[in-house]
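Worksheet: one structure, shown below.
Letters A, B, C, D, E and F name the chains as they come in the text, with residue numbers starting at 1 for each one.
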């Protein structure tokens, strides 16, 4: 038992095991009153909004599922040589209010909640919900930071004008964001795009708006260094929004999502890209489209939690030095 | 092989087996152009709208799942001694247009589609979707038939005023229908109500509006004859809307639904009530809230298909005589 | 640790736990060579044949699944006050050879295997497979015992003449058995029959053949004593074949089956009937139609294992006295 | 929108929907420091310990799963006419520390955590974990209240001496509790006992120790009033421990558990017993053996959440008057 | 709303969403009477026959599942720059009649149905079912086109002589087809072969018959151009049958199949081969062995739908020019 | 039928199909009495012990699940050109006794069982259970062979000192084995290590103990020849223990495990390493951490069975010559 003293505290007798306890992301402190946010580097914000999806639905349960699986994460990232929470101060503020079934009202409520984070100069790390949530988050960020460059991992461009006559849903956020001058399409890059689309104009339009689009075939033929060099070139040193749609991953690696597309990258490849990003200027992050009802083995939630951990690790590195 | 001739045609060699073929409800003919409806008694109408739900979501896949499981239904109902399709002419008109994520637009589109059925003097048999779809269906029916009496099987009263500030969702249709004078609350009965609610005023309000409410405890203590006598007393010989929320059933019998409530009736009990109904004056039917993503053994879809078959059987009986 | 000595051997340190070990039914000895059968009372025989089904398929994995769940059974039946294996000597002979996809060949192979059991004057307790397996088992039994009375728990009568022109499948065994003079329809009783059928002639034909049919509605309105009195009257003291189709149970209690029918009895009711049977003259038993691929919580396999245990308990009682 | 003002606050725009937010039981405040407990009536305590099970394992995820499904509970219980949280002050203190795989250490850690609740004169409402957790909870309670009467809903008596030579597991807690003088077996009652057991001595021993045992068959033949009269007679006005093993319910109603037993009561029946209990003298509560990995439709977690809500409702009633 | 006019029709208000409607493959018109086929380029034909499988079974539900998931396909293929349905006229004729459990009868019925397609000079695109269906399809095709070259993606060679004494099942179709002179083994190529086999003679025999076999290890070491060059060399400009067994894919990408083999290609790799094929002379296509009961996240059905879409895209390209 | 004679016996009429029969690993003979072991080369030993896990639990069902899926394995390995069972004599001795929930007792019981195999000079091929079982197996092996070199495929190093104060669990076996002088860390190699860890010291400590660690990133950048050259260099010609934790594979390839880590190798890569190993000096093998409850499509159990088959194939090759 004396040996126990040599263990890190969280491995000693008398702690709640990983699978136990009230589930916040990686057991970050849960902060209700936003005045407690002061001094933090980032805040995890659940946005369980899924009204905007066009096929399989239920990402409202994703924040819960990702928090649950984040319990398997431990503090140190050996691939990057950093313990992100030793460099970054983070909290989990729970989920935003919203009105299920009402996109307009919900987007306003989401924006208000994110405002309180952004106003405190804290990076919001948002757990969707579907991809329509990027719009209100970007509205909030652009108010403070001006239009942002976007690093966008996804199988879909999400720059349609409307779906079934509806203009606010998970297929349109980056069109709306461009129209509302929230993002800089010419400094924005979409990676992993693939799968059938209504017509050739869909991607052509996105390119016309200015987006750099790296289709999956081309992505898979590049090495991670090349991918990240290209991202750097497009984004430059502008303030960045990083948005990760879990359907960027191949369905083998992320079956639990609403509109999966075959022929995508593996989780190993996804990590290899993230690890090489420069996130010095990141102003906001989201990870969207995890759908727990179609994820019986929880591999999708796990991938989501790991991707956020990797993003936080890179953010930590851009603040301090790697741990020895 | 000669013996084969004594078999009914659908059991002979050379037919597509039950599990095969394009799936309409019970293999009813699929009618696209509504002019083909003429002379029918009923039309199956899928309404895959689920934007209005407050907890687990995904009933948009229910019409497909119910049609799939309806393949196990055969033509004759031995409990009632009737082959419904020999007395009733029915078609499956597929699903209504709608805008996922937009309740107001969708309700208008649903109403338009149902109008075309109702205008042809055909009983719409609607497969939800969530319970909010009853409102546009009732709007259509009331235009032609005036306000209707409602026989309502459910664990929830669905007469709230709003949820999260939203007035059009699966918790409010019968409040809206009362306000819009589409139904006759004093001739309407709700059976199977149970489970926790926000406050005592919820059921009190429903009763104040005029609804007769038979809570699950009381229902389970009555015999089927008594239940149906009570329904008869309340409804009388007014035009009737029959709405069946699958969460009327206990979760053991219908696990695949969004807001299940324990302590409910079995499917055997549900059938025993339906069989004793008088549906001479039925003007419309819906079956709602089947959620295939939480129904791994398909028992909920099966129960839904069987309940509709039982309703059709009773409708057939009120037209003709039982088969010998 | 000394206290350990007061425990029954199977609860002491040093045994393989219930979930461990090679899985035979209730850990009965596995006998390969049939000469070892000598002196046994019963033999468990797996018959993983599912070619004969008309809807969901895969009962070929049922013998494995039932053996697996039989691990939770312990030796003593408190409801009947008997430890069946103290009165009966049993073995598990594994599964019969068969040719998946070829009913005629398979039935011959099944019959041959059952012959070796029946010739040794041992009661075969067969784990299906689909209900078509009753035919070759009855062929074997009738060779030795003459035509048998049948106690038949099922939601389907299984007395059709053919399906899609095919005469040997899970909808026809008791028609074939009647034609081949293997059973005594006038001394046979079918309990739990329900659900839609092709036409009124289906049950009428079965009744014309002589079967006593207790439809589910009537069954559920009787008490267990009445049910068993009726069985006794029909069967008398003739040699008996007991066949239990797991779809006799309501889908809430047995979701894992190919053609479930709602509105059936609970497992508690099933046990209440079996416990009151007189099985003094039982010559063969089968339990069929468990479909593991649709049974994610294993409740159907569990019910099957428990029903067989209850049958063995009653068989034990008819040999000896209840244990004090 | 003005109408919104007439809605209860939690239904207005601007709140986090039921499916959102950090999940405590029914959104009770999460209290970390135990000094904040002061003045509470009850504290929810997760005990994710499952080392003590003998068959299917994984109840360590049950506190999380029950908290998740408790989101569907609303404040008012119409069957009892009471809003429990208006009469009772409750908190959720998260989960106890423990050492997975080490029963002796874990029991000590569980006892220590429960001590802090009991010492503050607060009723612990514990979410297992497996049934072995009742022992350390009873150790804590008996230190303060002396030996307790036990109302025990279960399919198993859990009074074995040992399993595989091990004396501390989910089959032995009430034997140990008797030996350690923590409970009053003569004032303790076990309801729902059923299923095979190693030998007749198992239940005989439990009865010899003094327990009143109501086997499932007898229970199902009694009416709820009779059941509760019997409980009252046995328990009297002694301090009470209420322990509810979810496998008391039939597997149709609670498939997600480790050692299910067929032939049990429905959830409706369970609620009917609980509603009629006198819990004036209750000192502690546990609900154990929910196993999420075998509960794909979450019906077991839902049943568990509802049963706890019903217990809290009865506790509230014994404090105040029913709400009008 | 005016902007709506700029959207393609299927994205405007008033259409049935992707998840709605009666499910044909990609919403192709459903044609019942075969005289309506006239002038089509291809016809989707469901062949829900699974009697011929040797391990996990249930591909009878695959045509339904693939049609369901084909709803996510949109009209334009950006990887190939073509909208297949603008170049090809296609219909869905539903499923063939067959006799479940009877291979000989079923093969005759399948052949008859395919005859009516082939006689109209239309390419049948067949959705299995198990791989035994290739035989009757080839019988039909060879009657019109003479023996065909076969491009065969699979993990198994399917050239055994018999299994358990049975000669017509999913392990033997290409042996039978060779014997019946339906195919040209010397111009046929099998790609992806892997996994254990009964003995070295199995593959040796296939090679002796003339088949070119590219085992998975070798395939994975080649680049897509090399693979397709080899296919071209073997097949030449002969009339071609393309058969795709979904177990060609690694189980990570296609878990829902009956006899999965680890160590296979990804869906990205599969698409890369198909895109480079020359299908100018294709006379028939099948995609077989999807098993929905083992595909909880629908990734296998999705892969199947996408592979057929890719095949149709290549077929369209060989007719016209790529879309700009 | 005459042709049947040319088929290998196991494919002829009259055999039990692959899915049938009592399930031992690859239908090896089940040996109960250990005296029958004499002369064997290897013995499959199930070790269903899972008390030592720190997150998702239930590997106690893995030996059963792996045996079940091993039914799809056929005798000949075409990639290596060998039929392992023609060169090796093997048996399946079932599962070891153990005490669920008690690590110390269980390890002693496991060691005793393995002793009986090792004493007969037979290679134990152990099916876990969790990774803590390697310790008692190594204790047994080291008694006879002295300390062993370890080839260790895993995502975790499993060389922690303790977890929650507990020293004997699935995170510590190779630390304990080093301390107890059972293995040669300087001749041991760990491949595939990845994922977050508590701190940098964790891997540093393992390296300090002498282990060669090949992290996943580096592994994925090497070719199989290079990997195996490195293994050879580390291990030399010392007696070898081969331990394969299924979480070595990426979760896409092995979702059914307790602590999955994204970013791992595919099953194709795993096979490519194993095929190139030199197993001349292998003294023991284990495959651990398969968790059937999270493996709905059985791909993890399948991968496990195939990996063992590949190991046996390599062992056969090191004994004899490849089959022609």
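Operating definition for what follows: a contact is a pair of C-beta atoms (placed from the backbone, for glycine too) under 8 Å apart; a residue touches a chain by one contact, two chains touch by 3 or more.
Predicted, not measured: the structure shown is a model, and the values here were computed from it.
Engineer: In the chain contact graph, what is the shortest path length, in steps, from subunit D to subunit E?
Structural biologist: Between subunit D and subunit E, the shortest chain-hopping route counts 2.
Engineer: Please report the smallest number of touch steps linking subunit A to subunit D.
Structural biologist: Graph distance in the chain contact network comes out at 1.
Engineer: Same or different interface residues for subunit B and subunit D, judged by whether over half of the residue numbers are used by both?
Structural biologist: Result for this pair: different.
Engineer: Which one of the chains is farthest from subunit D, going by Cα centres?
Structural biologist: Chain E.
Engineer: Determine the centre-to-centre distance between subunit B and subunit C, using the mean Cα coordinates as centres, and give it in whole Å.
Structural biologist: It comes to 37 Å between the two C-alpha centres.
Engineer: Based only on mean CA positions, could you tell me how far subunit C sits from subunit E in angstrom?
Structural biologist: 41
Engineer: Spell out, as numbers or ranges, the residues of subunit C touching 2 or more other chains.
Structural biologist: 13-15, 17, 19, 54, 56, 60-61, 97-100, 105, 164-166, 250, 252, 294, 296
Engineer: Name the touching chain pairs, would you?
Structural biologist: A-B, A-D, A-E, A-F, B-C, B-D, B-E, C-D, C-E, C-F, D-F, E-F
Engineer: Once bound in the complex, which stretches of subunit F touch subunit C?
Structural biologist: Of all residues in subunit F, those touching subunit C are 13-17, 19-24, 30, 46, 48, 60-61, 63-64, 67-68, 92, 94-100, 105, 109, 296.
Engineer: Which part of subunit F faces subunit A closely enough to touch in the complex?
Structural biologist: Residues in contact with subunit A: 54-56, 160-167, 193-200, 202-203, 215-217, 220, 250-252, 255-256, 259-264, 294-296.
Engineer: Looking at the complex, which residues from subunit D come into contact with subunit B?
Structural biologist: 1, 3-4, 6-8, 10-15, 17-19, 71-79, 81, 83, 250, 252-253, 266-268, 271-272, 296-299, 302-303, 306, 309, 323-324
Engineer: Using the touch definition from the top, list the residues of subunit B that touch subunit A in their complex.
Structural biologist: Listed in rising order, the residues are 50-54, 56-58, 60-61, 97-103, 105, 164-166, 168-169, 293-294.
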